[in-house]
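One chain, chain A, appears in both complexes that follow, with chain B as partner in the first and chain C in the second.
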Partner chain A sequence: MSRTLEVKVLRQADPHSGSHWETFDVAYEAGMNVTTVMQRIAANPVTADHRDTTPVAYDACCLEEVCGACTMVINDRVRQACSALVDTLLADGAGVIEVRPMTKFPVIRDLVVDRSPMFQSLKRVKAWVRVDGYYDLGSGPRVTRQEQEEAYPLSRCMSCGCCVEACPQFNDHSAFIGPATISQAVLFNSHPTGKVDRDDRLAVLSGVGGIVDCGNSQNCVKVCPKDIPLTDSIAKAGRDTTTYKIRQWFGR
Partner chain B sequence: MAKQHVVVIGGGLAGLAVTMRLAEAGIHVYLVSMVPVKRSHSVCAQGGINSVNELTRQQGDNEWLHLDDTVYGGDFLQHQPPVKEMCDWGPRVIHLLDRLGVPFNRTPEGFLDQRRFGGTMFKRTAFAGATTGQQLIYALDEQVRRWEADGLVEKFEYWEFLGPIVDESGHCRGAVVQDMFSMKIRSLAGDALVLATGGCGLIYGRSTMSMICTGGAAGRAFKSGVHYANGEFIQVHPTAIPGTDKLRLMSESARGEGGRVWVPAKPQDTRDPLSIPSDERYYFLEERYPKYGNLVPRDIATREIFDVCVNQGLSVERGALCVYLDVTELSPETHKKLEGILEIYEKFQGVDPRQVPMKIFPAVHYSMGGLWVDYERDGNTGGLVEGSVRNHHSNVPGIFVIGEADYQYHGGNRLGANSLLSCIFTGLFVAPTLENWLKSLPKGGAEDQPVSLFDGAVAVHQSDMDVLIRNQGDENPYKLHEELGELMTRCVTVVRINKELQDCVDKIGEFQERYGRISIADKGEWTNQNFSFTRALGDMLTMARVIAKGALQRDECRGAHFKPEFLIPAPESDEPAELRRQAQTWCDAFKVKNEKWLKSTIAKYTPSGPELSYADVDTSLIPPRPRTYGLKGAEIIEETWRNMTAGGTGDRGGDAVVAPASAS
Partner chain C sequence: MADQPVSPTQDKYYFLVRRLHSLTGLVPVGIFLCVHLATNATVMAPGEPGAMFQESIERIHALGPLLVPVEIVGIFIPLLFHTLLGFQIIFTSRSNAQQYRYGGNVRYMLQRTSGMIAFVFILYHLWQMHWFGAGLGGGAFELHDEAGVATGAATTAAAIQSAWWVVWAYRLGIVATVFHLANGIWTSLITWGITIRPNTQRVSGYACTALGVVLCAVGLGALRGFATFDVTSADPEAVMSSGTRPAERG
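Let's look at the complex of A and B:
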């Protein structure tokens, strides 16, 4: 017998409209994820009470949890739709699948939100290695295995937004730069060439919306799909900004 | 004089590489991408990036051998000068990435670690965990962000390319693009247009490619007159994890690090795989290809897995096709190197591949073919003339193509870990070409062209949109796409048969008629993904026809294009004289086949379907030779072929054959 899933989606036509729930009945398929659910709705955009509607707008790209596009709140947890397997959601006890957009970014339409602030803040902390140029100047600096093993996990941040969604300090009323960006600043400050811009990064992290805004609630690290040690990064950034301020105090 | 601009479409590795190089040269770039560039499909590349390195060099490797592996693996369908240039650039590309902070894996002493990939004997592949593509694109994304902060790059993210703007003289003057949120259509004036728009896997429904890899941009360029070459050469990756929305890649690095492919020798053996003793397992790649083992080139591994499942009925699962890819015997340290891909398996299959052999099956993965581009050969080096305005220039003046979207580097079959190299290399290498192109343009750049040119182009796309969105009919775009995917997967992947291909071409024609009756559920003008997808479906149908027709007409086996009807029978006699005679017959047939088919397929758009023609391939550096991986009588064939061609320098005569002193 074919099973049907009850799927609730919080819809919003555009940035200025209000939102409302719509419910869909979607035929269950073994191994399906929430992205597949959205695709099936698109192919047959009819609500559970048989009203024609429009396909749900959603973001998706890689479908293997490596691009960060498809972040949304599924059954009250922020995560990637592509790696949210229906079987797991059902096993977790929820009879329905409830999907809504992230709350920390402006909604464009339905589940699509504007995460460009995350990319803007990467500019503020100069999240890059300032090399002399792109001509061949030989190999890069020697890096030990241990250093690589510390850098690689931080470098896997896909700007998905889960951490800021979960962070109580990141909201409309605060200028907090957020855990992902802090962690990127730490990553580039630890790079042998990247650290030439260290003080510029620390200046941003010491300023308004910087590290002091973190309330240390540790929500971020719990939701990061890439298991990035965000609270370690935050602690490190805290120490570094302290010494930075002391150095500033003594005028160097 | 008006300011000059370059419009780059696509922000994957190739698009980002050219953007940062242009910005460095002080040239202003509009960078257009359907997704924030950091989310481009390049993130999905897992295994690594190839280059000759200090270690392999001391084991006898050099750039010439990288070239040789690449063209041999590609069954000699590539023009050799661009490939030579790419291989020569390999070490430079790695150096640059290393300086940009890519966290490549390290040896205990702190040097770059390398692994071995398919189709070579050397450990040429540098890697960053098992998410190399992600790490490389992040490094380039960061550099481009730096230039964006400096005002040299203006990004248009969540914007879609609708087509080039071509003036009356046939010159490209920019692009028409659409905001995917507001659906507003506008023009971007550009003195050069660079297409770095990747592959077209969505034509096959599910593949290893991302949702944006529709081939839509290529289709739009094709319709505007850019030629498309070697469309029928589609790589089917041997190892992917079947899924409802996508066939997720299981990187070749799993085999590069020692993973083994096998099936139980007994059909549908229901025992727990780990309890099956090794003498009751069939390690078919190792047995059939003792030299390369599990690391045979991809087209071969794919055909063998297909053969074992489909023809020999040895699939490990009843009712589904799959074989075991086994990494359970590898050390925890090796598992750590493969963490990224093992995690994907675990996450999507719910099974720990460190404990239980993975179940995998081939999936459409890469388009070797692509938009046609030119090059200028350097008679001294055998490579390319750096900065020549012919390099990567399509047949439409002002349109350049790089990355997976062009056709130049991989011939009939791409070697693993050569794609990241070709993407970054082409991006970097085309930059001086673009600089020279901009310098060569007469006064009065794109911005000085009449407004009517730009407004006219926008109006065409606006009216196309209005027509499509209001179209009435009974066809559902998603269902039609599903049918197209099934058709293409059945007819134009691993094994190709003319009767089926003809059927496929006819069906695509029918699909195009049905497309005329398509109906879009969402008629709105705000973030209408339904519409964007449907428009791309039209392009997919156009390109599907190019692929299928190319496959139908090419009556031979070459690389990924396998047509058993035209397989030259392998020598098989046990009697030496007879074997020799059979080998001679084989080589004669091979020579005839090459004379006819060692050609690039060039497709030209016409409203009634693609027109195909065939162009010679530049094999002036390394004479084509039979690709004999695993063939019975390989040695005798090779020997016979050597004797037949002794003294010769290949099919195209001996102009400037450059064999470096260090070549072995």
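Let's look at the complex of A and C:
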């Protein structure tokens, strides 16, 4: 018995042209994910109404939900194509599979977007641990078990863009840097060596587009594929920026 | 998004201004709302109709010449600041509650909607009751008539009863305003870094819901008190002279 999936894809030829929907019929296979669906379309780029078209451009890399490259909006919810299983989508009651690129990033072609704003924001908050020089610095400060357990969930962020895609405050009319970046700033501020840049990070978080632009819709934590406690990070950043600003105003 | 240009002065006061937005909503405006609704609820007190309400507002008006500056500095300036910045915040938001139907996202959308409803309602309410509106055909509330007879409850009730839809406008206005405060307290606890963990936020959510329900009950109860207040039972001379009998307002 063969079953056909109806797959709708929002196509866009290049960054400057308009977008349009195309529908494809794809033969169902047990256990297939949305990346597989894209591969089948690429192998036979013919629309449901039998017109030849170009293969759908899409990003995919690790295929195990750790790189974030294949993030797209599938059936109205942002997620990774690799971990979006067709069976699950069908079980969720969707008759069709509707795939479109993320809306908060510039589209390069079809489902491929430019996520570089995510990386620009990470640079602004110095989301790294500064290591000064190549010589042996000796062993680092001791990190308690509890600190490790706090930091690890935050370190799972893959900058996929799900949180900002679902965030109503991250848009063309707002300078908000987004939950992922705030969470990374909190992560590196909690690191015993990363702490040296603490005030630089808090300066960015307390500026335009920083923590005060969060509207507490808490969509970020709901859509995060890595279950990162983003709202915990946001509340912590709210507390830390307040004390940072008070220190600033009182000259220390 | 991240690469939007930013002016340095905007950057310097951005945090302070946004924290003041949170603070003004809580302290002067939020506390005022609680006091205001509680004062109005005294109209339901047993005994002579409207007597305790009259007594409560007499106590407020005992400030005499200080009342207007206190009102302006303590309520209107913070409220205006909160409102103007609130509109700016609304302009930077793009609600997607249709797409992502999570409770928090719906409350995010409602916080902005209730703020706009409260804005329109408060303008109407000020025009209708406050002396601000007196020159524009409003300003119905009178503490006393010319003869010095207490008319606080009677004039308020007459204004509430002046048309069938007024009580509905007040119901909507009260519910929207109370929601805006209760949800605002919940988000401000996150904003100020007081509630961090999801469990703590859940508990604070219950507390804010309880506060909202109580304030709604107080506000809607007070409204009911005015809506059912027997305006004609008050001294007819006094009501006539203050010109606020429902029939005369047409």
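Criterion: the second predicted complex is superposed on the first by the 252 of 252 C-alpha atoms of A that agree within 3 Å, B and C clash if a C-alpha of one lies under 4 Å from a C-alpha of the other, contacts with A are read in each partner's own complex, and residues count from 1 in each chain.
Note that a contact is a pair of C-beta atoms (placed from the backbone, for glycine too) under 8 Å apart; a residue touches a chain by one contact, two chains touch by 3 or more.
None of the values given here were measured: they were computed from a predicted structure.
With chain A as the common reference, chain B sits beside chain C without any clash.
When the shared chain is aligned, chain C comes close enough to touch A:V208, but chain B does not. Residue by residue along chain A, chain B and chain C are tallied for touches, and B comes out ahead. Looking at the shared chain after the overlay, A:T47 reaches neither chain B nor chain C. In the superposition on chain A, contact of A:Q169 is made with chain C only, not with chain B. Put simply, the three-chain overlay gives an angle of 160° at chain A, taking C-alpha centres for chain B and chain C and rounding to the nearest 10. Of all Cα pairs spanning chain B and chain C in the superposition, the closest are 15 Å apart. By the touch criterion given at the top, residues 20-21, 24, 35-36, 38-41, 43-44, 92, 94-96, 98-101, 103-108, 110-112, 128-129, 131, 134-135, 138-139, 142-143, 145-146, 148-149, 157, 181, 210-212, 243-246, 248-249, 340, 344, 347-348, 350, 428, 476, 478-479, 521-522, 524, 526-527, 529-530, 533 of chain B touch chain A in their complex. Considering their complex, residues 1-4, 6, 10-11, 14-16, 18-19, 89, 91-97, 99-100, 102, 104-105, 107-109, 111, 187, 190-198, 201 of chain C touch chain A. Of all the residues in chain A, the ones that touch chain B in their complex are 13-14, 29-33, 35-36, 39, 42-45, 52-55, 57-69, 82-83, 85, 87-88, 108-110, 112, 115-116, 119, 122-123, 126-131, 133-134, 136-145, 147-148, 151-152, 155-156, 158-159, 188, 191, 193-194.
Only residues 76-77, 104, 117, 120-121, 124, 166, 168-178, 206-210, 212-219, 221-223, 229, 231-232, 234-242, 245 of chain A touch chain C when the two sit together in their complex.
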